[in-house]
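Could you have a look at this structure, given as structure tokens, before my questions?
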Amino acid sequence: MTLNPFRIFDPEPQVRQIAFELYSMVRDLPLISPHGHVEPRLLAENKPFPNPTELILIPDHYIYRLLYSQGIPLATLGIPTLDGSRVEQDPRKIWQIFADNFYLFAGTPTGIWLTQELEEVFGISEKLTTANGQKIYEQLEAKLREPAFLPRKLFERFKLAVLTTTDAPADPLVFHRQIRASGWPGRVIPCFRPDALFEINAPAWKSELTALEKASGMAIGNFRQFISSLENRRAYFKQCGAVSTDQGIESPYTHYLSASEIETIFQHALRGSVSVQETCAFQAHMLMEMARMSIADGLVMQIHAGVMRNHNRLVFEKFGINKGCDIPVTTEFTRNLAELLNIFGNDPRLTLVVFTADESPYARELAPLAGHYPALKLGAAWWFHDSLQGMLRFREQVSETASIYNTVGFTDDTRAFPSIPARHDLSRRVDATFLARQVTRHIIDMDDAQRMIKALAYELPWQVYKLG
Amino acid sequence: MTLNPFRIFDPEPQVRQIAFELYSMVRDLPLISPHGHVEPRLLAENKPFPNPTELILIPDHYIYRLLYSQGIPLATLGIPTLDGSRVEQDPRKIWQIFADNFYLFAGTPTGIWLTQELEEVFGISEKLTTANGQKIYEQLEAKLREPAFLPRKLFERFKLAVLTTTDAPADPLVFHRQIRASGWPGRVIPCFRPDALFEINAPAWKSELTALEKASGMAIGNFRQFISSLENRRAYFKQCGAVSTDQGIESPYTHYLSASEIETIFQHALRGSVSVQETCAFQAHMLMEMARMSIADGLVMQIHAGVMRNHNRLVFEKFGINKGCDIPVTTEFTRNLAELLNIFGNDPRLTLVVFTADESPYARELAPLAGHYPALKLGAAWWFHDSLQGMLRFREQVSETASIYNTVGFTDDTRAFPSIPARHDLSRRVDATFLARQVTRHIIDMDDAQRMIKALAYELPWQVYKLG
Amino acid sequence: MTLNPFRIFDPEPQVRQIAFELYSMVRDLPLISPHGHVEPRLLAENKPFPNPTELILIPDHYIYRLLYSQGIPLATLGIPTLDGSRVEQDPRKIWQIFADNFYLFAGTPTGIWLTQELEEVFGISEKLTTANGQKIYEQLEAKLREPAFLPRKLFERFKLAVLTTTDAPADPLVFHRQIRASGWPGRVIPCFRPDALFEINAPAWKSELTALEKASGMAIGNFRQFISSLENRRAYFKQCGAVSTDQGIESPYTHYLSASEIETIFQHALRGSVSVQETCAFQAHMLMEMARMSIADGLVMQIHAGVMRNHNRLVFEKFGINKGCDIPVTTEFTRNLAELLNIFGNDPRLTLVVFTADESPYARELAPLAGHYPALKLGAAWWFHDSLQGMLRFREQVSETASIYNTVGFTDDTRAFPSIPARHDLSRRVDATFLARQVTRHIIDMDDAQRMIKALAYELPWQVYKLG
């Protein structure tokens, strides 16, 4: 074991010592993962992972994004194409490219996570290099054949209290049900994410709608029936353990349309002749509907705002979505959320957790809003920002105005299952540093800090997501 | 006395030691409060404060905003309603809610100020908790009955050199005159804030105009007369000690209209049929007029930009303005101030002090503008940003390009009278830290730092606001 | 010698020590200046500098901008007027004003650079004050008469590996050719900057076009001929040593027009009747053309985005461009660069280096884009941001998502020739601090850090700008 026990903490000895004390209080607490993208099939089937490359590299666009930026084609990295055209198949060759370029990740969160993951999960404490690439591949491969590295064993070893997946409304949640039925006590819960159903001008919308009709067993000929079907599926998700919904949106614009306006747009969508403006208006209306439904059924409402998806058309057309080419844009909350917060934000039955990929509204908009509206909580530093500096900026820009008690703890949001403990550990170390800086400045005392570190690491997500 | 003398400073021992030395040079300098919202009546009447709750909680939306965000109704906290409907009347019960929830303020500026205020002003060094809430209430209540806790005695003990209030143009400034006439030497001066007179599409505008007519003794039937009345009242304010004007604006857009354009809009306003666009154009024109008048009469011009007022309509309609639901918005200065700065910004007779609730223009727009135009000075970190991190961000993002000598020192902007010394103390400690970080990096030497800390703590506001 | 060897580094002893070790590895490496504004005539003629004021103050708007902001007229500082009207001629009087006001620069990058320049280049270690102003002037004057202070001697002493100038396409590059022909081995290379040719609605455009016709020896009656002339001049620049082009733009909007659309706009421009909208469309199209040409001829493409030029009309009309009154504006990259990156950004033959004067897109847009597109690299912290805090913000906001290996090292961008070593030294010290903070947090080890500091100080600019 060569990971330094004081890593991440500020080097100043007083801060470091207090950070270590605070961190030690929460290091071994169970992990709550209230939002992420691990496939539930993994834990339902509980089969061995095929090989290190398919476990660690292929699902993780944080990794191949950076390799691609340095001129390495995605096909060379084995990323599957949409049309099935040939990509590199040899996992050892792909792994070697990664080993050759591992130095690129120095100082990135991916570098931090991988280093810890290799050592703590797999017992490999050498830094990955060109020279040792194949040797480490073999060590990993050997581990993956051991029973201790089956998905459920890792889940238990990671002390995952809750692992939340992300699922389409029409998803039958077969794997979630299979997990429950198996008697294995691991809590793997779905999250209701209807994005594709709200993209009414997308070519795929009609088939999404058909899937919803089928799943809900309800014909959908008008907007009212559309809402009823969604309510039906929300109830089903809740029954399968869901505690939340989620929406990925470019702009968090919220606005109620009149009954006739929304019906007109919905009919246009059914006829396949809906404009971009109508699509925006529809989505603004749907944020209102989702808030209303959350008050009714108690599911926590999440918004992930401010990312332009599939910026690189060439990559999108060849490899599909979620390939590291989603890029944030300027995002406005004060005006966009006004209507939703005015109508629902004073209602303590609503919990709205907002995530942003644009940091500039942290101090300007999000902290003042969350420091006032009872319904609003701030999601953790998200995506490009769940890094050491990104998480510190979040805490330092948000906490003075919103108080840490209006935030929700850490969200790993990952597809990379074995990286989960390292991500939470980094977050806990950052929070400990953030608090130790305040203790050593005599802004808070150790009693405050102990209460706060426990809230950040465990209690806030547990409470806010109503997991009890 | 348990407040740590080294609190707020960086924990690194060299930085801490030098920060302490610099801070010690200015700790006991008189306080200049060039902008705020303390009621002059307090110091005119000089009556005992009624009780701890009415002194500390009821006027301070920083406090009840955060309690509200955690689901505590404002009525429960005794915040008066506009229609007089019943709210909690028992100050002890309200205080107890505050005590129960004081942990929420850990790490917030309100937490820092209150801790220092309780100890240094009232001699209470225990942390407020559920258990000691009533005891501390009683200790405070006892203090408030002592003559040493009368407003004027506190003013003297706080070493307030100048306390500036915020007043409507039609205000007769009775309390300011009463203070002057009393022979008490405390300097309590008004500031001319005409916002309501520039909201020409607001229902209340007509009555504001009537009040202005009455106060100035001038009939106002056209724009020229409107301007003359304002000039008349500015002269009156100046005679009562004013050194500045102030304007709260959502966007700092500046633009001169032609004489006929502005007259047309003014006539529409008089007829009660003015559009939103006309209102914006009117306000842009009035910023130009205010600059012109400042060159004529020497009053320092202040702008507080970038806040959307009364975001929460429900709270606004029930409890009125200034209830913690004003939320900042993105604010642009480079283009918006261009016309004003082009016409007046090269004129050293003008002093324009700009405050922003949006930090992103600090380094991008405000520092480059203030580092060039002779008329422009940067107001202190404002509102949500007069916190430890907020003030450090201001100094670090602004000073390299603008130089500290184009900034104006600290502005407390508070309604909470007994918190004033703690606010200035935090600011002085932050500035000392900011400078000590440079001394220990050998960027400046102690001679520079000593000159700078005195400038920041006292000399710059004294000079910029022409208080000599 | 009184400059502290540990200056700039964090005061925390472990960080300081490691920063010093890393800095020591690169302190003496040659300087690469891939973008700047030193006049090539200086090095072609190699004459003594006239006097300290003309060497240090007159070319440096960083200096007189700040003096102007404190009410000192530019004419008093000897800044030449466009109409030749009289300004202060006595260099000693001007120098004395600077000495009287040198305290204003405490804590600014100009203060840091000048202090180091005076000591390391000129051997003056006293701080400039009112009292010693004339004495220091005389010491400097004496130095400037020594042969060791001729431009080429300084160039060699500064260890400048490459000095890049900025030149109009029609420039005959006489001085660059003269330098090459002289046998002196100093590498002074031009950079192709066509801004004035793309300002098709500016009064000066026609004469710029005529100059281009003359320089290329080609008549320009249509857009195709315009492009051919540019290609012709790019080839000439390349032949004279150029490795890059550059464009200063307010918005980085990129968009291809159809052949007939662009021809129509070009014909309007030739007739002198082109609208603002057409000018914007033309410039968006020209960014596409410049990228296409870079792929063809291999010149690195640079964009300096987000500055509104000549904000102060009065100063512009009296003194001309580049007088310290260019002010940044909000700048958007995700949407604006989308078309260019979609068409050319996956092509490894293109290198596009983007600089911004707006920091808010660092983490939000630029790091994610550069961490994905092979063609895109991030230019160094620019202009108002090449300061201690500005460079730290750049590194901390960009590196976690983009990796330092998608950035390009330091760019001094200066007109102030003798300040070049101090600027690079500050940058190397900041990078050493940035890395030492990671080493002491055990995020990277010393092997990583040593590789990274060399990359930042020398290897990345050398590789990205294809200087080998």
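Some notes on this structure:
Just so it is clear, A, B and C label the chains in written order, and each chain counts residues from 1 on its own.
Everything that follows uses one rule, which is that a contact is a pair of C-beta atoms (placed from the backbone, for glycine too) under 8 Å apart; a residue touches a chain by one contact, two chains touch by 3 or more.
What you see is a predicted model, and the numbers here were worked out from it, not measured in a lab.
Counting the residue numbers that touch the partner chain, chain B and chain C have less than half of them in common. Fitting chain A to chain B on Cα positions gives a rotation angle of 120°, stated in steps of 5.
Chain geometry summary: the mean Cα position of chain B and that of chain C are 40 Å apart. Multi-chain contact residues of chain C, defined as those touching 2 or more other chains: 12, 360. Listed in rising order, the residues of chain A touching chain C in the complex are 3-4, 6-12, 65-66, 68-71, 103-109, 111-112, 127, 308, 311-315, 324-330, 357-360, 384-385, 387-390.
If you check the complex, the residues on chain C that touch chain A are 12, 14-15, 332, 334-335, 338, 341-342, 345-346, 348, 360, 363-365, 367-374, 376, 396-397, 399-406, 435, 437-438, 440-445, 448, 451-452.
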